[in-house]
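Below, chain A partners chain B and then partners chain C, in two separate complexes.
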Partner chain A sequence: MTVITITKTELSDGLAALRKGYKLFGPVAEKSSYTFRELEKDRDPDFSYQNTRLSPKGIVFPQSEDMFTYTLDSTREDAHFLKEAPKDYSPRVIFGIRPCDAKAVSLTRMNFDTRAYRDPYWMGLFEATTFVGMACDTPCQTCFCTTAGCGPYHEEGLDVLISDRGDHYLAKPLSEKGRQLLAVAGWLKPAEADFDKNKAAAEAKIGSSVATDRLASADTLALYGADFWEDISFACINCGTCTFVCPTCWCFDIQDEVHGKTGKRARNWDSCMFPIFTIHTTGHNPRGTKLHRVRQRFMHKLKYFVDKYEAGIMCVGCGRCIRACPVNIDIRNVCGLMNSRAAENVCAEGK
Partner chain B sequence: MGNPYLPYPVRIDDIVVESEDRNLKTFKFVFLNPGDEGKFAYRAGQFAELSIAGKGEIPIGIASSPVEKGFIKFTVNKAGLVTSHLHQMKVGDIMGIRGPLGNAYPWETLEGKNILIVGGGFAFTTLRSSIIFLLDPANRPKYNKITVIYGARSPGMLLYKDELIEWEKRDDIDMHITVDGTNDSDWKYNVGFVPPITEQKAPHGDADSYAIVCGPPIMIKFTQPVLEKLGYDHDHIILSLENRMKCGIGICGRCNIGRELVCKDGPVFTLTQINQTPREY
Partner chain C sequence: MTGYTDKIREIAKRLLQSCQVEMVIGFRQGSVPMMSEPCMVRRPEDVDQLMWDSHCGINLANYLTDRKEKIAVFAKGCDSRNMVTHIVENKIKREQLVIVGVPCQGMIDKRKVAEMATAEIVSVRELNSKIEVKTTAGEESIAKAEVLQSNCRVCRHRNPVIFDEMVAEPVAEQADVDPYSDVRAIEAMTPDEKWKYFDDLLAPCLRCYACRNACPLCYCPTCFVDEAKPQWVGKGQDPVDIRTFHFLRAYHCAGRCTDCGACARACPVGIDMRAFTKKLNKDCFDLYGWEAGMSLETRPALDVFKANDPGEFIK
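What follows is the complex of A and B.
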């Protein structure tokens, strides 16, 4: 695989060239944190971030997205008929996505792109997007990607991976989409360099970990009925922040909104932390307590997903939920409890 | 693959008030586009999203039967935002239907078997679809003995009364209609809750017998031990579940019981399957 070298000046020139063929999204400093924004002319990505506060999942899966529009004006022939909302699926690039967030997009795809159904909105944006990753040489204290099936130089879900070498960048094309983007940007200078030179050092900086080896073999109902959920959920205020910052959380609501005689059907991010997520019209709620809801979030990520897809846990170790949680609920601890409880089951059954 | 969120446009062709409290109405819909009925090919036990512009969508079991052509029917309880609006709509109004969704009752597995159908209240809709399907001359010979136990609070709350009376007269289906209570001295059917009537009237279970149960949670709870006592294995007890849904196609994430999605992997599950999941329904 050819490695491309890019000087810092060439990077800026290349981004200008990319803007002609792509919408360009990248990390920028905003107030006290970083976030992904569409970068207008003359605004370059700011690579001084460790990671952004929100993942860039909203570029492929907007927080609020129109699905259909309609008129309720009965004098019109098309009254009450749903029409597809206008969509823009022109090419776009997420420049500087971290490998963990790119892997999260791959995990999320398993939900939106199935044998039975293909979500046209998610797939439309996904297919329009080229993912250019920025390898992570200075991880956060809360990162645990290397034990969550990912890593600071992980390539899954990326079209290009870039490594910052101080005075220049190295770029590794990983797909045809990625090669095309490099050509459009004019980044074509091959380099005789070891792309992965800093990989081992970066991985060594990841200071925390999770054990997940026994989750798959654990008994679902034993984990569900475990006594630790009361303790884990005790402090939770069901604010839903963990689900909003999570790059792999994909749940959404569908709502109709009407203004005058025109209306739209839109979908919005939703959260399993909220009681109305599951409440029936009768008032009965199958996940009526916060214990139910906290358990659902962790069981989904660390057990149901593991069993359903056999592709590891539904977590990439970005650590956002740990940093954002107002009451310090830590998925690393929960995963540890679940994994060790799974081990106890095995012992108890004498296997 | 088209957009699975886009409903087929339909027109309300007929509305029948089913119950004495007027809270249950059966809506008959016809498809506005000629090809759509063919695309909506369904099996008994499936559901669909009824879609009203400006209000939203609601998942409802299909009450018409695959052997009935030219229309589809849903019996809807007036309860929330969408269903309350639907109850105010009139014949000729335009709305949408998205589906068919979910799995169906396992009709291939049930071939050659005895089928016990236990239903309660307004959950009888997909059971009506099933009975019409089973009694169709092309299908009836494929199935063995059919027994139906159906209960409602009072005679006036029973759905599809004309059809119930027709089925009572037939000798190829064993009907046991019951009500929780009644003052009607002319009531000639059973009085009592569904579980004890099941215990009295239902045939014993064996390797060639299956029970399909659809009703309110309290009925299901007390019917289960009766079926066990009668000898029905857990994998011969078939239940249809409900949960809050939005997408109906297994994507939006709210209706799961463990790893199973009620909308896509269900709504029909065997008791064996349900026993392996957290009962979050």
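What follows is the complex of A and C.
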């Protein structure tokens, strides 16, 4: 595919042109961190970020999203009928998403877009969105993407990948959606350049890793019953931080909220770390202790997902859960324990 | 404070070897700079994972709730006050605990260090009153006093108020601190300014409940935000619901909060929700001369009626 060159001035002009056809989301500095926001006129994305505190998953999977509205006023003909909440699926672009977060959207899609069921809300926003990635030349200390099936120049889930070359940018279109966006922005100047020139250097900067090679062959019940879960889960306070900052966590809860006689049915991010995530109406909770819940989170990401989808781990190595955890529970350590325990099992069985 | 580590291991080993306790609750080295991980040790041969430094800000009283074992636990001044509160509130029995006091000189706020550092932090080393910060761009030295947690700066109870033994001699208490200047600054605001202040404060809240869960006081089997019948508060991102959560959480801590700072420390988005609890701490102090968790003998201020309790509000 042809690589496009964009000067820094052209980038600003192009973003202005994009705003006419797209809602523009990009990273901006807010207080002491970076976050993705809709960029109003004259506000350009700030590319000095390493990564944002929260992933941009909320743009396709909002933390709170109305699904239906209804009235309980019996004098009205439409009383008790659920009506579709108004939706805006106009074109939008996430400009400057990191490759890890884009791959996370692809992993999430496996859950929301299946042969049996397509989630209309997630798909509506997903299909409306063009993903423009910013390759990651300065990864964080906690990044381990290269061993989590991803990397600083990983292209999966992206429509365009951009690489910062100091005085200009190179853009690599990766889909028809991406080519359209480049045309709308007026970025069409082909370049005779090696797009991947900095890729190896960026990958070499990823200083930490996880071993996942034995997870698929590991015995599920042996991992489930492993003796390390008490030690791993001891510090956990069962907050939702790890799941909320995770770009691949997709669980939600559906709630009805009524004010007076009008109500809405909304869905909100949920977390397997919360006891009420699994509590039954009988009062029984099959994951009644934090050990159950911590084990579930790691088993889901590193074993059940691996077995069900055969697409690697449900983690892209962004390191957010490591940085944000109030008590320093580190998925790299847990993955290492699970993978080495898997190896022990293999040896014990003489395979 | 790194000098405590050897003594902590020695005490833990002795208590486990002599079967005085079944487990020891302390901290072990974290995997990222400026973090330590609460941990439990059951075997004498494992005590070497225990350590102590200025990043042990999580309140270990939180790990004692409803435990049945005989436990040795390390306690800073604030932790010890929460242990008193736990005992008074019947969340653990005094005779289950061997409280090992750790005189505290303040915990480091990793966000402040990150803000002062010129690049991403690779490692942090503590040297008495200074910390040496190694970043991806080089090395820099920062005075520890500049990067203390804001609650530690105004702490008047650095030494444990209850203990069975101490890892070191008590440290000097900070006498000349004004713990409530920030509360007075908010009290002096106009109602509009207060709205704006608290709206800005809570704007990034994710409702992950890390503040609630890091707090030793929040041990209800089902928190009011998790109740479904009746549902007291909406679960979405409506600012009214977010405020309701924070206001009620703070009120549930009234007369019980020791300002240990675990809530603010745990918050993944940097909200200092102590702005709420500190106002109530100040009111308790002004109205009843009450500071939480100072004694096993005195009933908490909101637990007793006294004839001379202030009553102007019902006139």
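Side notes on the structure shown:
Here, the second predicted complex is superposed on the first by the 351 of 351 C-alpha atoms of A that agree within 3 Å, B and C clash if a C-alpha of one lies under 4 Å from a C-alpha of the other, contacts with A are read in each partner's own complex, and residues count from 1 in each chain.
As a working rule, contacts are C-beta pairs under 8 Å (C-beta built on N, C-alpha and C of every residue); 3 or more make two chains touch, one makes a residue touch a chain.
Just so it is clear, the model here is predicted, and its values are computed rather than measured.
Once the complexes are laid over each other on chain A, chain B and chain C both fit without any clash. Counting residues of chain A touched by each partner, chain B versus chain C, the larger count belongs to B. Centred on chain A, the angle reaching out to chain B and chain C in the chain A superposition, using CA centres, is 90 degrees in steps of 10. Touch criterion met: A:307 reaches chain B, while chain C stays clear of it. In the superposition on chain A, contact of A:120 is made with chain B only, not with chain C. Contacts of A:327 after superposition: chain C is touched, whereas chain B is not reached. When the shared chain is aligned, no partner comes close enough to touch A:200: not chain B, not chain C.
In the superposed model, A:253 lies in contact with both chain B and chain C.
After superposing the two complexes on their shared chain, the closest approach between C-alpha atoms of chain B and chain C is 6 Å. Shared contact residues of chain A, touching chain B in one structure and chain C in the other: 253, 255. Touching chain B in their complex are the following residues of chain A: 67-68, 70, 72, 79-82, 84, 111-112, 114, 116-120, 220-221, 224, 250-256, 258, 263, 265, 267, 270, 272, 277-282, 284, 286-287, 292, 296, 299-300, 303-305, 307-308. Every residue of chain C that touches chain A in the complex is listed here, in rising order: 30-33, 35-40, 58, 62-63, 111, 114-115, 120-122, 136, 206-210, 212-214, 222, 226, 228, 234-238, 265-270. Across the complex, chain B meets chain A through its residues 1, 3-7, 9, 51-57, 79-80, 83, 93-96, 217, 242-244, 246-247, 249-259, 264, 276-281. Partner chain C is touched in their complex by these residues of chain A: 31-33, 50, 53-54, 63-64, 140-142, 231, 234-235, 237-241, 244-245, 253, 255, 257, 266, 268, 271, 274-276, 322-324, 326-330, 332-333.
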